[in-house]
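Both of the next two complexes hold chain A, though its partner changes from chain B to chain C.
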Partner chain A sequence: MNTAEPRSWTGRAMPRLEDPAILRGWGRYVADVAAGDDCLHVRFVRSSHAAGRIRSISAPAHVTLVTAADLAGLHPIRAVLDRPDYVTVATPILADDVVRFVGEPVAAVLAPSEAEAEDALDEVVVDIEPLPAVLSAEAASRRDAPLVHDTEFPGDPNTVVDGRIHTPGFDEAVASADRIVTVQVGSSRQSAMPLEARASHAAYDRATGRVTLHATLQMPHMTRTGIADCLGIPEDDLRVISPDVGGGFGAKMTLAREDIVVVHLSRTLRRNIAWIETREENFLGAWHSREQVYDIEGAFSAAGELLALRGDLVCDVGAYSCYPVTFGVEPLMAMAELPGCYRVREYSVRSRGILTNKCPIAPYRGVSRPVQVLAMERLMDVAAAELGLDPVQIRRTNLVGEFPHRTPSGLVLDDASHLETLQLAADMADLAEFRERQRAAREAGRYLGIGFSSFAERTGYGTPAFAARSVPMTLGREEIATVTPGAERVICTMDPSGGVTLRIGASPHGQGLRTTLSQVVSDALGIEPSSVRVIDSDTDTTPYGWGSFASRAMVIAGGATLIAARELAERLRVLAAHRLGGLPDDIDLVEGHARRRDTGEEIALRVLARDTYHNAQLIPDKGQPALEAVGVYDPAGTFANACHVAEVEVDPDTGEVRIERFLVAEDAGRLVNPAVVDGQIHGGIAQGIANALYEELIYDERGVLVTTSLMDYLPPTVAEIPPIRIAHLETISPASITGAKGVGEGGTIGAPAAIANAVSDALAPLGIGVFHLPATPHRLRTMIRQASRTKEAAS
Partner chain B sequence: MKPSAFDYVRPLSLDEAMEQLAIDPFESKVLSGGQSLIPMMNFRLARPERLIDINRVPGLEGIVPGQDRVTIGARTRHLAVQNTGLQGPLGSLLRTAAAQVGHLPIRTRGTFGGSIAHCDAASEWCLVARLLDAEMTVRSTRGERTIPAADFFQAIFTTAMEPDEILTSISLPALDDHHVTGIAEFARRAGDFAIVAATAAVKIEDGVVTRARVCLGGVSEVPWRSQAAESALLGSAWSAGAVAEAAAAAADEVDPPSDSHGDADYRRDLVRALLPRALNTAGAGS
Partner chain C sequence: MTRSTVPVRLYVNGDRYDIDIEPRRTLADALREDCALTGTHLGCEHGVCGACTVLLDGQPVRACLMFAVQAEGASVRTVEGLAPDEETLHPVQKAFWEHHGLQCGFCTPGFLTLVTGYLEEHPEAQEDELRDVLSSNLCRCTGYQNIVTATMSAAEEMRG
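And then the complex of A and B:
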């Protein structure tokens, strides 16, 4: 084994190979595939009632109408989790008989253009007899609450997940505490809101009877499995391609009912069919997240040590499960990871997922962790204030500093740098200088605040982690074996010209993975990234893989890539040694050549490659006349970590929050491409700011979504995002063979808590703390008004 | 979303435009900058059968100062207003207000008159027009008439214009140098429609307010001239305290709507906060 591995590309902030085409408008998205194609366009008729029974669906004769009755023989989506507290509910492909949320697809219309399909939509009449709806987790779990699904609930009504952990020494630890600190935190519903809404285009091939589905996805292989199961067809009858994707953020890893309809119609009508989702539909029906309330209790010693943590966590999961990860995704992640980066010896938690007549939840960047971190970080600040400690000091007392560390829920934290990132962040923030500015500002009637947020970001977890969480997933018919996501495979091939092709099962959608994997390959083979081509997101041309989600691609697909590239490099050394003499271990691969370290003799890789394919008689050891290696990687996972600091000013008259500074001390392990890593952090923080201050899905009292356009649902623009300063530590953990840790979600996970703490710090003189996000100007101003009235009344 | 089917005509003169509009006025819409109409058509909130595009009609753009009044062509783009060299308190107000209209791409296409004809209660130009008692000149094949702002803005998205009329110009009083003018608004994000906006023009002679105009947006269906604030200011000694009192009077006077961006109390709080900011009294004595 050669140890002199050059590191020239890894660590370099090289520009992304993907960007020139995308920035020039040469990207190819699903709508581009549909444009100009002679396809029929589908529009979905959606329920305008939160709960009801369908009496009739009708349309004039000239409208091509498709209802559940036309989908006989299709299997419903059944996302199943192998837990005793889990209640399985089926999702019909189109609503049959009953509707369960506003926006649920009840029928489809077909027309030659999008506009005509929109016209046809107007002509469909759906007669629904309203039924009582439950619109909050609290109302839904009350005794005698109307049931969202007519099924058995072993516990409280509509409760589909009810997980508990209680460590043996918990009660004793609480009894020994000097102070019990309680907080309740919560988040409104939010949307991942990718710029490109959902879209699909199914092309029917008369010659083979196969359908090629272009759709905007994070999991093309899993989507094919899911659709094939629902249609009851062999997977090979369907090819799934995810072309350029305009943002996923988790929202595109869940199987869409609409995509199943599109493929079914293409097969039965033997036509090409397209569906381009509107923004309104995307808000109504394309997954929500984060509607959670946590009641938290921390038992502290007088010195600020957290002795025990109790949590009662409630997640409103909407009307259906999501395939493949199920509606257990939020409550179970919250339960397993609430302690985060803190040493919690004793832990008692109950975490529930509760059905309501609202849009189903599904993963969104960070999943439950933005709320978990909000809970822990508010707890730390409130405890610090009650115990007279400084916010940095109380974190230092409680952060995990020795690794590996086993959490009370059984997770193992690998090597990380919680104490070091906290210190780095505190140094960057210059807390003493800030406190002086804050004091002066308060005297002038201005409200400045600073907030810290420390967190661990679980990334790159494969089969062992998913199996341990006991989340086997099944669909459709019961006899289908449960499955557990995990490994990624890659196939690394050198062609006769010396160029390298990397076929991956992961499915990048904006993360720059083609660039970063090319960097990994280039270092292993001594070539340049521009001669590496990554092929992804096509079930016909890539090995089966799980796709890109849960901050996994660089860790898992990157690890598989390194394994494959090293194996290919080893083969090249054997071939080179055969030509140049010496042993394979004496050969270095540099600058497109194989070079003997002792003599300096070299041979171009393209010569080796060409001879391997075209002059097999030259190949030693009866090897294959090809240059190809397969890499498989399936790690248990690795935790990235960071400390965020937000500095804000609150306008007491309007309730507006202005973020003055945002600082990040990040540890994502080895940085394969620092520019890509910083880009992930920037984007994540922008979404964290959105979660903290701007975005909120609002239902009215009848269960109608009010916020269905970008006039009402407010993603921040570039004007609302402050400059972000990032400093990096690089802890190399043995849990990742590339040394890289995932970094896709951390920005979104850490930012909301840092901002909530900063706003609370700013408004501390008024006795105001922020516990529910988003902290909109309206909410803050209302609290400020009430606080000043209370103050007036007291004086 | 896609608009429903419509016919499109692009007249080359005002007469032709009025004739086209007269053919089927109730099912036709005039297309100027299109910054509100086109999104409304895409949402299918508006379904005109005919669009009459006046972008090639000559003589509808420009800011023309006169003796006592300034006339602004209806199709004058927001950006042209933002860049106007018009002197005095009116020019300053127009530039400040224009800078708060949407984003740059909106300002390059959207028009002064289009905004007024659209009649959104939070729009800068509806506020300024009502503040200064603008006069709107409208024309149809039946003739020309002038409508004062007090009569023009009738309800949300509803003006006194007949369906066959085209807004051609808006005239505003030239304000002498004794005036202090300003506009302040609060929106969740840069470029959004204001939740509440306040604009004012106050004439100060020898330290005493001799004329006060205050107009608020986002507190009622149409721009709201605050008589309470105006009478509080009139005759008072010009000071930050007087403006704060006027703002408090305005806040008590209005009966604002509640929606997802804020309830009535919040909007009253914003009135109280924004009127002093509109008149930039932070530095003035109390």
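And then the complex of A and C:
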């Protein structure tokens, strides 16, 4: 009898199964599908005006031009939320009559090569009569503001979401407070900027009339639904494949107008069609995010307890909604999750989404949480300063420590470790030692600062959480088009040779899901990850699923995988007990064998598998001559948590911020693959640092985007990212059956606030606080200059 | 419209390619479209991201910023040409694998060629210098931590 406990695959930082092919240059991204294919290339003519009426679109006869007039019969994209304050606006596939932002697609040209398509683009003349544009949420919601869409707005002009929560005891709590602390925080527009811009390739099959679309997506199934709806075709006429994806970060979960055109042209011309987006187009039209301003009031007791929280949250959502999650995604997430990891008993919030003549917003890693956490963490530091408290102490006073905890917006925080991660982070930072160094540095005229950021990261939420965004008004109506993301499904099959295939509805794009799900399957079945093949991202070969977004894959697809693998394991145990005697519960699955725990007798899984398929007379339940199990998981969600600490030095002459240390105390539950988890945290933090210090999409006064290259929009290189030190706690929550919590967004959510607090701490002697991100050298230098002038004037 | 092409001879990863292309074709496009070597990726096509980095006579260059005709007769090495054979990875590839130096993999070919090209010429390079070299390229997924670790590990391995 073998008594050695088999080593679990879960918890091992095993190198990824995906990597060898990618490392050799054998990855297959969409542009690689198009390369060498005899396809027509499409390029899009885009609006150069923020608002206007199209007078004419013309091109010489040799240019193949496609305009909205050629798309008659197609339905516009309609992203719908069922709430009384939500205003639905339609997105035409190509602009028809009116343009609403610079970069909006107004026409397409077709040519045999990309270069010729680009030549043709130059020959198209678009005559647009400019109309007044609204370029800020503030201007757009003023009385008499020009309307971005000619529709009814129940509230203020251009206001498409207007959510409110007001708890009954709010006013009383505010009245009892010792101190009201106010902050206004804001963030500039940002781009997810995956290194692979968007791309699609539609292949027409003459025999069936079907189109196979390869596109760079996070949600292949939902994309198929969206395109089929717009084209008015059965979904079965379209197969969607998302091959290797060069980064998503949320930007590839939203349905692209361009992809609909590509599929339509392929169907009507019966040709293969490719579209490879340029970097400039990606900046212009592939979704922006996070242009938000929050006015926050905290009512505190003298001891630093937050008695009540008020927020007025404004999100500039651009010119159109995004399908499927809608332009409610930023304001409604902000409204629901602003209190974060803090015990907020009384809450009054108004959260608005306001249309402007700019690129539409869509989810980008963290959605509005980087700004929410910025708001709460700046509030905590400002309150601590005003009340004479230590920043760690005020957080300790207010963090949620008992679970489950129900928030004023109705969320339930499951088991987490806010107090513990704060303490761990404070220990790692060695605050006393830092304060000593800071004091010495200040005497030498140098500005060092430290900043904390505690946050909860809502992850792995299914149907119940998304349904809560709606306030159903019109259930049962004929043309209901609301979309409520939810469950993931997997199908786990053992083939006659004992190999396992896992077909998943989730759609990875760099997270290593094939590896981590293989680890989960391997533990359940007693096999090795190398004998598990994960099939994903193809609507023909995978079960309907939502894809990968919102830090959900390991929780939801991982949970579904565990359910399916356990069911398959149970069936193998039944089969093995039939062959070896004993009860199924006496059978262990180890090292590719089913083994009786008491006698040590064993049978290879491949023998069991072969007989199940080929000698059904030998198996107990002959009605099921296959080894296959379906797993479905649709949880309410689980909250990961962390505390980030940034130590910075600010150069007062240049406004440059140098990050000296970045520390993370993180709790993402059970770590299925610690290397993958740390990779997610590293990458998330790099994007958070980018959000905090560098990246900013800038429109000029006419609504023209001026940051359209990587020389204007500044993603950090290795030179800007410091070494990141991570410590893990593992709180196992019953809200996730694998014990894993999502970890995809936490880095991006927490880092900006930690840096804003650190820079503010560094510049505290000058009376400067950072409230708007990114804190670029220009912004900081302006504040420093102003502060020294004020100081001079006062002396 | 008639479009004139010119014959160009490229030596890529030790193989000879005789191709007819428009003079305006970039080296990156020629590699991808005419040589069917799609491991060289295009992330920006304006010379910033470095995903298209290849080695031209051993030197890292941006394949999106040069015309294929400029590579006439030169020796080009792409990501497909790094590993000695189909069974073995190059030490740089192996280090990126072992240290989780890639996620989506789109920037990876550019980093691998950059690091390989530099380490082959500067085997003694230390961390500061290598960080400088790595700052030539952009990665959006990894936060660079593991790319630095992998590069240091590869440098050690290659020094033997």
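One rule holds in what follows: the second predicted complex is superposed on the first by the 775 of 795 C-alpha atoms of A that agree within 3 Å, B and C clash if a C-alpha of one lies under 4 Å from a C-alpha of the other, contacts with A are read in each partner's own complex, and residues count from 1 in each chain.
Convention: a residue touches a chain if its C-beta (ideal position, glycine included) is under 8 Å from a C-beta of that chain, and two chains touch if they have at least 3 such contacts.
Everything quoted here is computed from the prediction, not taken from an experiment.
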| item | value |
| --- | --- |
| Which superposed partner A:719 touches (first chain B, second chain C, both, neither) | both |
| Which partner reaches more residues of chain A (counting touched residues only), chain B or chain C | C |
| Partner chain(s) touched by A:707 [first = chain B, second = chain C, both, neither] | first |
| Which of chain B and chain C A:278 touches, first, second, both or neither | both |
| Chain B versus chain C as contact partner of A:25, first or second or both or neither | second |
| Touching partner for A:698 - first (chain B), second (chain C), both, neither | first |
| First, second, both or neither for A:679, with chain B first and chain C second | second |
| Partner chain in contact with A:44 - chain B first, chain C second, else both or neither | neither |
| Partner chain in contact with A:466 - chain B first, chain C second, else both or neither | neither |
| Which superposed partner A:115 touches (first chain B, second chain C, both, neither) | both |
| Touching both chain C and chain B, counted on chain A across the two superposed complexes | 114-115, 278-279, 709, 711, 717, 719 |
| Residues of chain B that touch chain A when the two form their complex | 1-5, 43-44, 186, 188-193, 260-263, 265-266, 269-270, 272-273 |
| Sites on chain C touched by chain A in the complex | 1, 3, 22, 24-25, 29, 32-33, 36-46, 48-49, 51, 78-80, 82-83, 89, 93, 96-98, 100, 102-109, 112, 131-132, 134-148 |
| Complex interface listing, chain A residues touching chain C | 13, 15-16, 18-20, 22-29, 31-32, 35-36, 62, 114-116, 193-197, 244-249, 278-279, 509-512, 675-676, 678-679, 681-687, 709-711, 715, 717-719, 721, 723-724, 747 |
| Interface residues, chain A side, partner chain B - complex | 113-115, 118-119, 122, 278-280, 651, 653-656, 694, 696, 698, 706-707, 709, 711-712, 714, 716-717, 719-720, 776-778, 781-782, 785 |
